[in-house]
Structure formats: structure tokens, C-alpha cells
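Shared chain: chain A. Partners: chain B in the first complex, chain C in the second.
== the complex of A and B ==
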């Protein structure tokens, strides 16, 4: 079977809608997961009683179970206890929780790399622990942790392909749907590779720009 | 040489006619494998599903085992693989299996990429809804969400006949049923044969009962394997002649829903949308 460009052109509108959904779900999940990461890393660094343990348990639960199982749990499991989220939000929640655990660890790692002298100095001038984190610790931690955080975001985008398993018509869902009906696997899989590659590369370039700006004070 | 082989050939011909059900020779490629690699369904009772012991079960599984018995002398020579509606044709064309007996309906789209044997039964489509659902006929689903499996006859039918329909496409019948029970869709469209089993088991659900997308079910074979196709068609004809389907229908299908299936194997195809 040769590459059929005409066929591909006819599928473009559906694929574009799928790509838009992939980008939407990923962007939302990236924002939510970074928020989770900031809170999680702060809570663990401040050693807030109870909450810190809760985050340890959360991180271990997410890191040691497959994302696909987490996704099915949220989609098919949670309605049993009365929480029925839409297709889209089930997917966004699963991706956010998954990436949030990794972002917690990324930012915590960044915090550990901040010189202890800064924390002592902050205490000496009378800043509370929370003020230290907000004004000094986290901004520096995000700078150091940025490459690791980018990695997690890249994985999140790629993992958004799992959402097709619960019927979200994102890029992979649309493509697999067409393959199942028209059997033009080669064309569709090629589109998938190019589609994900371009989304992930654009994100990498954007983050490189941010990294450059954040490093400005330290450049000679 | 000729004088010796000619009477032998005549004898063989007569013997063949007398036994009537002798199958043509197996293609060399299949014979050399020493087993029959068949793709069957594992979530489509009563055709192909996991039995109480976790093993392969169902009418189409019996067909696969019977073919192995005729080809290699033992039903255990059937090497069965679970296939889904979505991956069955890729599995066949990637040579992971040599034939599909997998609730495969004959459609023009599929005929472009694989060959179909003679039909061994027909299959209609129906919809499963919750008992209190307002959906009474096919057209009632306009503006609602219909659950269906990727790559099924129903997905193709809705794409062609109700293009604006809100559809939720999933991968397995188990996922689809779960999604219907949780109210993620208003109806679940699939083969009537599959839905009848589910409706009989679950009192909270009912069938809509308007047949649509009736198609023939046939064995799927890779394109351009005429020898292999001839063998399969002969085997199917022999199953029909020996009334094996009746035995299997009786074995795998509870009496209360049996007539529907017996008809699908024996009666001519009805007309519907």
C-alpha cells in the first residue's frame, strides 16, 4: 500500500481537532501539575505535620502504578463513589495527578540544591519559613529544576496519547479511529509522529527561552 | 508410470466423491507451521469469549478448533490469539494469525485490505439502553451520545448514516458496557448477538429492538491466498453440511436466547436499514 496523500488531506480537519484537544488537555494538565508540584515541594520542605506525609503517600502511589491504570481508575472507578467527571476532565485530572507527583520531586530536588546559607540568612533577617520559600527558595529551585520539569512536561504530552483509551478524541484517538475504519495505518502513524514531535519541540523551544531569561542575572 | 498413476488418480477421485466431505489439500505454508493460527474474539459471548475456566470458549472458537482438527488431526493444534475489533485486521495482515474467525462483518472498506470467505452467518446490529431510557427506536439517538467500539460495523454505519452523531469510541465491549452503566452515553450500539447476552444478564438494561446494519459474518484471510481460501470455504461448507453449528449453538447458548442465534447461522439474511 503506497502513501496516499489525498486520503490524508481528507482527514486533516478531524486530525486538527484532535491535535487541538491534545494541546488543550496537555496545557491544562501542565499548569495544574506545576501548581501541585509547588505546593507539594513546599509542604514537604516545611514539614507540615500530616500534609507532608499525605504528599509522600501521593508521590509513591503515582510513581509506582501505571498511568493507564490511574486513568481507568479515575474514569471507571471514581463514578462508583459518586464522582463522575466528563471524558475530557477525567483525562486532564489523570495527567495532572501523574505529572504533579513528578513535579513535586523535581521542585523538591531544586530546593535541596539551594545553598543552606540562604535559608540561614533569611532567618537571620527575620523572614518566616514560608516567606523564605516564596521569596527565595522556590524561585531559585524552579531555575535549577527547570530542565527536569521540562522533561516531565514532555512526558506528559506524550502520555496524553493514553487518553484515547477512555475515548477522548485527541490526536491518537482520532488517528486510531481512522485506522480501525480505513486501515490506512502508515499514513496515520506518520501523522502521529509528526504531530507529537512538533508539539513537543515547540514546548522545548519555549522553555529554552524561559531558561535563558531566568539565567539572566547569573550570566557574565 | 502413466498407466500406474491414472487408475490411482481415478480411485482417489471416486473415494473423494464417496466421502463427499474430503477437504482440498492444505497450502504448504500452513502445513509447514504444524498448527493453525487463528484470531478469535475474547469479549464477544457467545461467539468468542473467556469461559468459566479462563480458557477460550464460544461458537467461533469451536469453529477454529474444528478446522485445526481437520487440518492437523487435533483440535489442540489451534493456536488461538485474542483480537479486538480494532486490531484484528492489522494482526492478520502482519501475519500474526493466518485467519480471523472474529465476528468479522463483510464491508467494502475491509474488502479493500483483506479477502472474505463465504459467509457462515449474518449479524444485525442493535442498541442497548438503560431500562428507563426514552430511546425507543433508532432515530431517537439523534442529539444524544452513542457508545460504540472503534472499527466496528456500527461505527462505520453511524459515520455514513448519522454523520453529526455524538459518539464515544472505546476499545472493548467491557469498557463500553461500563461506560453505559455509568451514564457516559445514552445507548451502546453493537452486534445484536452480543447485546442480547448482556440484556439477558442485566435487568437494568434493555434492547431498542430496531435492527440496522445487517451484514454477513465471514472468515477473514489475507489478500491473494486462493489455495488457503478454498480450504477454508470447504471447511465452512462441511461444518454446515454436518450440522455442527447446531451442536455448538446448543453447547454455548442458553435455551432462552438460543433461537436468535440458530437463525443467524441457518436462516437467510433479513433486510434492514
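== the complex of A and C ==
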């Protein structure tokens, strides 16, 4: 069986729709996960009683369980207790919660790297801990943690392929649907290979570029 | 809870398959990882480039795509594969890529003087690797390798998607069975239970990895090898 370019061309509309879904789900999940990360890192740094422990448990749970099981728990498990989300939003929620745990750690790492002199100075001029975080700590932490945060975003985009497991017709879902129905493999596999590699590699290069730029003030 | 106890045999079958799959993958990943890891430290630029190409490709493609490609692509290549071998191959190719990075880091963490001294003493290159570099790298790679094992255990759950009755699939079967026979939907409890069992296994491994890292870094020389994180999945 050889590579059939005409066949591939005919599949482009379906693939484009799949890619659009991949991009939408990833973009939403990236935004939500960063929000979770900002809250989580703040809560843990402020050592809010109870809440801080909750976030530790959350991060550990996510890191030590398979994303696929998390996804199944959200998509099949939550409706059983009356919490029904649509297919798409189940997927977005699973990806957000998964990446949120890593973003929490990334931003917390960034906060830990902020010089303690700044937090002391903030207290000396009368800022509360929350004001310190909002005005000084978090902006600096995001700057320091940006490469790690972007790497998590890259992984998130890659892992949006998991959504095909619950039937979301994103890029991987569309491609394997076609393979099953048209009994042609090479074209679709080539699309997936080129598609994911180009997205992940170009983003990885961008991350490296940003890392280099962020280091600029500290280079001699 | 009674549902879990009633279906314990099925869960145990699933858990057994998960552990077997993880063991096969660990063994095969080690073979690929050590081979490629050593190749990546050789002076030949062409070889290093090829290894880097393999490692990057396998790590940048979603693992689910790799496994689907092998399982659904095998018949096209004329060698239909059973689900279990197909998943084992996919996981091993991916695990080998991660293993290669760890082994390469381990070998490079051995001070350069060691290889130079061994060469000066007249050892062949294979002797330098086998008798000097790899034994010392072993110590350095242990924490990262334990972390990789935790990731492998997590990834075996992908087997459920192509029909391997591993632990996640066993949970799915229990849910199906009780939905059909008793008319209840225990998805929340069963998938919650599955989540907790994976957590128990993987957090133990992560804990071991962290402890090893602390113990080894106390007296370690050279740079540390980063422990692979679940975000690399």
C-alpha cells in the first residue's frame, strides 16, 4: 500500500476540525491550569491552614496517578454522583486539573527562588503577605518559572491526545477513526507524526528562546 | 466497598497484568536505554544525532499515539499483534527513550578523569564503559530510574484502550458487570478505588526515588540527573 496524497487531501476538512478541537481544549486547559497554579502556589506559600494541605494532597494525587484514570474518573465517575459535564468539558477539566498540579509546583518553585530580601522589604513598607504575593512575589515567580510553566503547557498539548480515549474528536481521535473506517494507515499516521512533532518541537524551541531572553539581564 | 471485595479476583487479575506489563516494559526499556545511552556518549556525531532523533521523536509524540500506531498499524505491516505485546512494545520504545536520557546523564555525571585514567591504563573502550563508567553511573541513575518506573506503571493504564485487561480495564469490567446485573452505576466508587491503588503504588515509588536522591546527593560528585516527572508523560 502506498502513500495516497489525494486521499489525504480529501481528509483535510475533518483533520482541520480535529486540530481546532485540540487547540481549543488545550488553550482553555492552559488558562485554567495556570489559574490553579497561581492559587495553589499562593495558598501554599501563605501556609493557609487546611487549604495548604488540601493543595499538597491534590498535587501528590495528580502526580502519582495516570492521567487516563483521572480522565475516566471525571468522565464516567462524576456523572454517577450527579455531576454531569459534557464530553468536551470533561476533557478540559481533566487536562486542567492534571496540568494545574504541575503549574502549582512550577510557580511555587519560582516563588522559592525570589530573594527573601524582597518579602522582608515588602513587610517593612507595610504590605500584607497577600499584597506582597500579588504585587511582587507572583510576577517575579512567573518570570523565573516561565520555562518550566511553558514545558508543562507543551506536555498538556501533547496529552490532549488522551481526550480521544473518551471519544472527543480531536486530532488523534479523527485520525484513528479514519484508520478504522477507511482501512488506510500511513496517511493518517504521517499526519499525526508531523502534526504533533511540529507543534511540540516549535514550542520547545520557543521555550528555549524565551529562556535565553529571560536570562539576558543576568548574563555578563 | 462490598462491590470491591466481591470483585477482588477480577481486580487481582488486572493488577497482575499491570505489574507484568510494567516489568516487561522496565526490562526492555533498560536494554534500549542502556544501549542508546552509551551510544549517545560516543564521540561520533552522526550516532549521537541519530540517538537524539529517536529520543526526541518518541518523547514528543503522545504515548497514546505511539501505542495506537503499533497496535493498529501492525496489521498493515503484515504482522498483526495481540494487545499485550503491542502495548509492551509501544511502552518499551517510549521507556527506552526516557531511559536513554537517564543513562546518558548518568555516564556524563562520572568525572571525566575516570575515563581518561582508564584509557591511559590501556583499557579498551568497551572495558572503560563496562568496568569504569557504567558501574559508577548506576549509582547516579537510581533515583531517576525509580521515578521512570513510577511513570511506566502509570502508562500501563493505556493498555485498557486497546483491550489489555490490566487494572484500569478490570475496573471498567466491574462497572459494566454491576450495571448489567444489578442495575447500579458504581463508576465513581470503582474509578476512585482504581485511582487510589495507582496512587499507592506510584507514591511509594516516588517516595523511594526522593529518598534515594537525597541519600545519593549527600556524597555525590558531578551533576545530578533530573528525575523524570509525570509531566513528561
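Convention: the second predicted complex is superposed on the first by the 196 of 220 C-alpha atoms of A that agree within 3 Å, B and C clash if a C-alpha of one lies under 4 Å from a C-alpha of the other, contacts with A are read in each partner's own complex, and residues count from 1 in each chain.
Note that a residue touches a chain if its C-beta (ideal position, glycine included) is under 8 Å from a C-beta of that chain, and two chains touch if they have at least 3 such contacts.
Every value quoted in this text rests on a predicted model; they were computed, and no experiment measured them.
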Next item on the list: Check the contacts made with chain A and report whether chain B or chain C touches more of its residues.
Entry: C
Next item on the list: Considering only the touch criterion stated at the top, classify A:180 as touching first (chain B), second (chain C), both, or neither.
Entry: both
Next item on the list: Could you tell me if A:79 is touching chain B, chain C, both of them or neither one (first, second, both, neither)?
Entry: both
Next item on the list: Once the structures are superposed on A, label A:87 by its partner contacts, choosing first (chain B), second (chain C), both or neither.
Entry: first
Margin query: Let me test your reading of the model: by the given contact rule, A:169 touches which partner, first (chain B), second (chain C), both or neither?
Written below: first
Check: Touching A:201 in the superposition: chain B (first), chain C (second), both, neither?
Finding: second
Check: With the two structures laid over each other on chain A, which partner does A:68 touch: chain B (first), chain C (second), both, or neither?
Finding: second
Note to self: By the touch definition at the top of the document, which applies to A:192: first (chain B), second (chain C), both, or neither?
What the structure shows: second
Checklist line | Touching partner for A:113 - first (chain B), second (chain C), both, neither | finding: neither
Notebook entry, point to check: Common interface residues of chain A with chain B and chain C?
Noted result: 1, 76, 79, 165, 176, 179-180, 185
Notebook entry, point to check: Any idea which chain A residues touch chain C in the complex?
Noted result: 1, 60-70, 72-73, 76-81, 99, 102, 151-152, 155, 158-159, 161-162, 164-165, 172, 176, 179-180, 185-186, 189, 192-193, 196-197, 200-201, 204
Note to self: Taking the touch rule as given, give the residues of chain A at its contact with chain B in the complex, in rising order.
What the structure shows: 1, 76, 79, 84, 87, 165-167, 169, 173, 176-177, 179-183, 185
Note to self: With touch defined as at the start, can you tell me which chain B residues reach chain A in the complex?
What the structure shows: 85-86, 89-90, 109-110, 112-113, 150-151, 155-156, 159, 168-171, 175, 178-179, 182-184
Next item on the list: Over in the complex, which chain C residues touch chain A? Could you list them?
Entry: 56-57, 60-62, 64-65, 68-69, 72-73, 76, 150, 154-155, 157-158, 160-161, 168, 172, 175, 185-188, 190-192, 194-195, 198-199, 202-203, 206, 229-233
